[in-house]
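Letters A, B, C, D, E and F mark the chains as written, and numbering starts fresh at 1 in each.
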Amino acid sequence: MPDVVTIGETLLRLTAPPGFGLEQTEILRLEVAGAESNVAIGLSRLGISSGWISRLVNNPLGRRIANKIREHGVDVSRVIWTSEGRVGLYYLELGQPPRPYQVIYDRAGSAFSQIDPEEVDWNYIRQARLIHLTGITPALSLNCYRLICRAIQEAQSAGLKISFDVNYRSKLWSPEAARQAIQPLLPAIDVLFCTTQEAIHVLGWNGDPETILREAAQRYPRMTIVLTLEEGGALLWYEGQIYTQPGYPLEPIDRVGAGDAMVAGFLTGFLHGDPLRGLAYGVAYAALKHTFIGDIAWCNQSDLEQLIHNQQARWR
Amino acid sequence: MPDVVTIGETLLRLTAPPGFGLEQTEILRLEVAGAESNVAIGLSRLGISSGWISRLVNNPLGRRIANKIREHGVDVSRVIWTSEGRVGLYYLELGQPPRPYQVIYDRAGSAFSQIDPEEVDWNYIRQARLIHLTGITPALSLNCYRLICRAIQEAQSAGLKISFDVNYRSKLWSPEAARQAIQPLLPAIDVLFCTTQEAIHVLGWNGDPETILREAAQRYPRMTIVLTLEEGGALLWYEGQIYTQPGYPLEPIDRVGAGDAMVAGFLTGFLHGDPLRGLAYGVAYAALKHTFIGDIAWCNQSDLEQLIHNQQARWR
Amino acid sequence: MPDVVTIGETLLRLTAPPGFGLEQTEILRLEVAGAESNVAIGLSRLGISSGWISRLVNNPLGRRIANKIREHGVDVSRVIWTSEGRVGLYYLELGQPPRPYQVIYDRAGSAFSQIDPEEVDWNYIRQARLIHLTGITPALSLNCYRLICRAIQEAQSAGLKISFDVNYRSKLWSPEAARQAIQPLLPAIDVLFCTTQEAIHVLGWNGDPETILREAAQRYPRMTIVLTLEEGGALLWYEGQIYTQPGYPLEPIDRVGAGDAMVAGFLTGFLHGDPLRGLAYGVAYAALKHTFIGDIAWCNQSDLEQLIHNQQARWR
Amino acid sequence: MPDVVTIGETLLRLTAPPGFGLEQTEILRLEVAGAESNVAIGLSRLGISSGWISRLVNNPLGRRIANKIREHGVDVSRVIWTSEGRVGLYYLELGQPPRPYQVIYDRAGSAFSQIDPEEVDWNYIRQARLIHLTGITPALSLNCYRLICRAIQEAQSAGLKISFDVNYRSKLWSPEAARQAIQPLLPAIDVLFCTTQEAIHVLGWNGDPETILREAAQRYPRMTIVLTLEEGGALLWYEGQIYTQPGYPLEPIDRVGAGDAMVAGFLTGFLHGDPLRGLAYGVAYAALKHTFIGDIAWCNQSDLEQLIHNQQARWR
Amino acid sequence: MPDVVTIGETLLRLTAPPGFGLEQTEILRLEVAGAESNVAIGLSRLGISSGWISRLVNNPLGRRIANKIREHGVDVSRVIWTSEGRVGLYYLELGQPPRPYQVIYDRAGSAFSQIDPEEVDWNYIRQARLIHLTGITPALSLNCYRLICRAIQEAQSAGLKISFDVNYRSKLWSPEAARQAIQPLLPAIDVLFCTTQEAIHVLGWNGDPETILREAAQRYPRMTIVLTLEEGGALLWYEGQIYTQPGYPLEPIDRVGAGDAMVAGFLTGFLHGDPLRGLAYGVAYAALKHTFIGDIAWCNQSDLEQLIHNQQARWR
Amino acid sequence: MPDVVTIGETLLRLTAPPGFGLEQTEILRLEVAGAESNVAIGLSRLGISSGWISRLVNNPLGRRIANKIREHGVDVSRVIWTSEGRVGLYYLELGQPPRPYQVIYDRAGSAFSQIDPEEVDWNYIRQARLIHLTGITPALSLNCYRLICRAIQEAQSAGLKISFDVNYRSKLWSPEAARQAIQPLLPAIDVLFCTTQEAIHVLGWNGDPETILREAAQRYPRMTIVLTLEEGGALLWYEGQIYTQPGYPLEPIDRVGAGDAMVAGFLTGFLHGDPLRGLAYGVAYAALKHTFIGDIAWCNQSDLEQLIHNQQARWR
């Protein structure tokens, strides 16, 4: 049984080659992308056993999603297979500055959005140490919102740690709707991940990063908080103290998935009982993510250590 | 105003490279594909002015569809643009024998399926010489079925010729459902395109190809019929006579769109008042289609003439 | 009839992939590129109807040029088709610093260079609001020089605005030859586009950008002038005033076509009666152009507005 | 614990694109290929749980091998990881007739060739129903030969069925050397796979296919034998009877791995207690393999059923 | 000094990917192609030292042509470099049946077409054993025609064998013009290569292949003649006897250059004093050429021997 | 006979596309890479005749290595061909910051590592003006170390200049082992290339760059030294004086081979009797190298002059 379980939707990601627009390109790269499965993959790559639960159409596209997650060693044995619904997808255009990244979602009616919480193997989950959830799921459907509530309830009763990434998606709902859905969940969360923008606009916490953390800590004293900064660094609130980790200078190729890498890196240290190492891992893993095409940083723990200790790479 | 107008849905076509499965490929070619727009493109390439009417989402993907049809000279000025709905698509795997071609449709809820017949510029259509429709449209939604009925009614009242390709899609409906929808339309059709399989299983006409034609002609005496054969040839029923055109030896690369090429080729001759030339054009254009990746044969009239007259190509 | 008509030569552009030299590459991207057609495409994308007139060989390569311009909605119905001459082309190497961009022209004897001004449908042009010309055309042949003179004369007599981009090409002629050809045309120009380098070395106007504008305005008091700066910004002289628009920070992928995007952006605002908006559009559209492979920025008006108003893009 | 366990070497496969020679190509596809892992993958795809044991270097290339096998659901948890040795590879050129396929092996000194039988988790293997081995392994090194002997001994003592594919490789050893190594193993084999060429030249059995089977059966009465024919069909000797399955007409893209597909298909039926279905599956799966780039047919059981029952594919 | 010298024009060859038309493709492969350099390359690959003389523009494209010929070991030290003229090219579309191969030449005004026979290092040529020329050269320009005449004269006076391939190009001249230019050269030719079509339509020799050879031999008794057949085989007239070599069954990918491979194969045997071996080599090398993208068969002598002796290829 | 001869090993270089990891990529570019052959190629491109000596397997991969070096005009006639051993290779991942470049060597047992100094055509070498060697060779095998010693001895006795690039490879040996092997060779060296890191850690010279040069010059008074700096510039010690050349601002695509470009550029000036021009050439050629995929900068002397004299590139 894996140490960490995640539940969520994973989509096909159809990406135009760098330098091409979606209206222009003749070619799309076909990848597999989901916040929760990205985290599960990152954990598995960094040495923490993980499982991913979702609902997939049993056709070549659905199987592809499971394959590509399993490729990294994630346990996908609890995926719920169905012959109905469709495989959700999104189109991605990686803009160089000043052109913004562009996403076109096409995920309505996906097999996952129709999940019934009863289908999930909760017994499997209860044996893990930690469950990781995101704020995308409750935005997808009422079923999905009920799934999150049930997951938190099951985790609490079984004594699992609960990790939650706010992951606000402006194309799925408004900040207000997100706040209404997420706020009631916060008291149960052990580890919270959010950006300063999300803290302010979704959670309604104000001020500079340190103020945000202190305000949040007052309301949710048990909570460990990782607050990520625009420039790639992060702040950690852990047991009453603030720790800071600056980011690395980057020449980014593909920014998508960096937040999930932050989560996977942090949880790795956290589950080894060393949240500070987690902070360092999270920032390093997120930095490396920017240099890989696709949602995943194809690194492992030794690559993080090498970056953190600034070992000079000799390339020949 | 164009001589021929078509109405129908055009999808994104996402094709795995030859030799790859959809579960396997990292790359998809992105093309634009629809039976009616294929015909409009083919007509334009062969020198007949054509227009294509549809309903598209006004985003890079919807614009791409209009662009790629306009690229061939088809008039897309009457496309209805909307900010709602989605861009339909299908995934395609080009199997070499004995692996079959595989299609995964993902078109439910497309912008076109929600078309309201009132949105269409019927005045534009009334000025054409011929309207071309297919049996795919009535399978998509009730709105689409109403659209087809209205189109036939408008065409009749304005004195246009009506061309119809049965185009049965087993993934959209059953043969029985197709028959119920299509049979009432037949008396209005001037030019009918169908395969022998469709004649038998959808239209319920029996026997060998010649018998099928005679039976059909008895019921619909005004109708011109192009009956296409598996091996690429076709039979023509025109004014009480049967004409036969055998197919060409092929080394196919991509079979999709060959039927639409047959329609475009035939209508070209037909509109020039020479249905026999149309038969020859249709079979030749369909044969050439098999040698191009994508739904379109990038040929023009002189290429057809060259193939028909068996002019030896000198390649250097 | 379109609001803007352009006349000029469009070439095949054969580009080595980024990071490859022309002597090295096994692969070339095949694109379609011409200053005037780039402007026509940009206008059409930004919502201004446009037409492009040229002379093309009626073979797959010539048809490709017309197709790719028509794809964006430009009217190519007045292209003059010929069976003689050749399709001009150029080879392009996109050098990363400190390697310069390299161009090898192979355009001598093209179908366009042999154009006879009598072939052009002047009646079509007379119905437009503005004609756009460039300083490339008079460099191509005597026929082309006569074409430009005739175009200006026709436009003047029909009351069209005349827009002119200096577009000096050092591989086609010397600055002196360019000046001799272009200077006599200037009194007729309503909107002039040039770089500071061109102002100094071709037009013989000296000083810093503001001085250049004042000097030019004294000689040609009616003229609106857009002076583009190396760093991507531009100055506008309009009705006795100077307006400035700084450029955007860029990570360029392909610089070619940025000047044409500036023209298309400016003329869009100008034709809407708002030259200041045109200045903002021109600089924004040129900036976005740097991020697309090929001569065209696959954007539309809303993308410009988004960049100008610095709306944060949320990519997921 | 999986039903089937395989042990063997898997290499990187570096393939020139179709139509290119290894001396010519600028590009290589990077795949993962090994007779035993191909069988394990095929079984997993067809619904039989399988595990693959090998010895790999713990670097990105070794991890890639494990990933790509795990992607299909094969259990790779018993792979032995080492920091020494190298990742074996081979270069492949897919010749169209009359150009032959060309292979350049570069596998000497691989991590697997240095395996110590003591490293293997024999306890894991003892819990399976069947072990599959090939004649490649004993050709690789003395250690590998000892590994095969040990595996057979362990399987026998634990009551597993033993499946063996002769898989003669002329670039690894002579027919005589192969015979000396393989013949002593035969009495322990429950299911033997060989081609008629291998039967004659390696095993020394003579005559037409039926004679070969009868001769072999006399010597090894318990043995089930699948004898594959050049044209893609196969003969089965099972409990004293000969069954024949002809091949399918093929347009092959990549022949490599077809033999392994035959094994996986047959064992699937065999383990379901239906060797005749296994014969049909093996021939169908091998036929489909010819149509996929790479060593694997990305099909599953329903694809085999569809081919066997000759269900007409409707591609749209 | 090489044994064989060739003189002729080599072009850039811009090829659409298989399955794409020139009007359609976004990508072109860039290769180097010329009948004479193909022969020189083939000879060098088969072990005969060779040199190629031409006239090239000293820019990346011209250097690329020399590089790619030198890559195979051909001596290009006598190429004449110029800063004027252009690099000739042609566009190629590889049609699958029934679509024909399509070529668009764009070679007028090339550097080679302006060659002055005085520029050539005749002294270098005089030291070879054989010179190979083709019927393309005299079609290119008057200078080129004079070059061929001078080359034959020099070769005769220095005692070289003269080899000539008729290589009729219908896009360069008419059969009559070709006959008028080539017929006067024939008495000097030692080894003539032509197809049956060329024999009939250009040289004016009639009848079946054997009759053609006998008729030709009567007129030019010293001449060795290789007459190639449509299906890939060839007939040889050598010292009063006819020898026949049938072709191989082919699955062609790219037919261009097969005739040049025939020449290189034959001359290899011929120069080793064994014209019969040359006939076998020529037919085998031409057959293999059909399986490589580009004008060159990347084989060597052992590949020919393997094909001729029908050694079974074992691919693993 | 060439002016410069180099001896060394050249490998296949298998590179993941930019943005991909080796564990991730499906595609590898296949190039040819070796410090000594890179220098020979650079010299040939810059107009200095050069020859490269090595030992290669006579298969398509070995021939490919020779071809790709010969393509640039390097004389490879003295390569020693063998049917034994293997073709060495390395895998390369081009990391964007902060991801480091990653190399996986797989070169043990290569044909070159087994070279016998007696096989080399020393007579050929004795006729050159300069021999270039690197510190990679003595790290490969005892045979290779003996080869270097013999080469120096032969060069000295024949009066050749000896050029040596330290080229320390941490994956081949320790700094101490490198020092022990290289230090005894230094008195014979005429031109030494090293980085400041190598000077300090391998050669044991300390201090800032100028101090390093002065210290080295005291020990080896005859020696010309080129000391390369991290930021791309270099210092030259020549006849008692220090000259400095700063680097160029770079946007690097592929850093590998830049040091070899420095050597080729410097030696070009040096052999023309102008070491200062060599310094300028070396720094410019190394800068340009960073902008080409692969080990080679596809430039020539005029490109260097253009960069050095900062001629503005006009790209159209």
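Going forward, contacts are C-beta pairs under 8 Å (C-beta built on N, C-alpha and C of every residue); 3 or more make two chains touch, one makes a residue touch a chain.
All figures in this text were calculated on a predicted structure; none of them were measured in a lab.
Undergrad: Strictly by the touch rule at the top, which chains does subunit C share as contacts with subunit E?
TA: Per touch definition, common to subunit C and subunit E: B, F.
Undergrad: Report back the single chain whose CA centre is most distant from the CA centre of subunit F.
TA: B
Undergrad: Shared numbers divided by all numbers used: is that above or below half for subunit A and subunit F, i.e. same or different?
TA: different
Undergrad: Roughly how far is subunit B from subunit E, centre to centre by C-alpha average, rounded to an integer in Å?
TA: That pair's centroid distance is 45 Å.
Undergrad: Could you state the distance in Å from the CA-based centre of subunit A to that of subunit E?
TA: It comes to 62 Å between the two C-alpha centres.
Undergrad: Based only on mean CA positions, could you tell me how far subunit E sits from subunit F in angstrom?
TA: 39
Undergrad: Where in subunit D do residues touch at least two different other chains?
TA: Subunit D, residues with two or more chain partners: 18, 21, 23, 26, 60, 67, 102, 298.
Undergrad: Name the touching chain pairs, would you?
TA: Every pair of chains in contact is listed here: A-B, A-C, A-D, A-F, B-C, B-D, B-E, C-E, C-F, D-E, D-F, E-F.
Undergrad: Residues of subunit A touching subunit F in their complex?
TA: My answer: residues 18, 248-254, 287-288, 290-294, 296, 298-299, 306-307, 313-316.
Undergrad: Can you tell me which positions in subunit B touch subunit D when the two form their complex?
TA: Against subunit D, the touching part of subunit B is residues 18-21, 23-24, 92, 95-103, 169-171, 255-256.
Undergrad: Flag every residue of subunit B that touches subunit C in the complex, lowest number first.
TA: 60, 67-68, 70-73, 298
Undergrad: Which bits of subunit D are touching subunit F when the two form their complex?
TA: Subunit D reaches subunit F through residues 14, 21-23, 25-31, 59-61, 63-64, 67, 86-87, 89, 91, 93, 102, 104, 106, 108-109.
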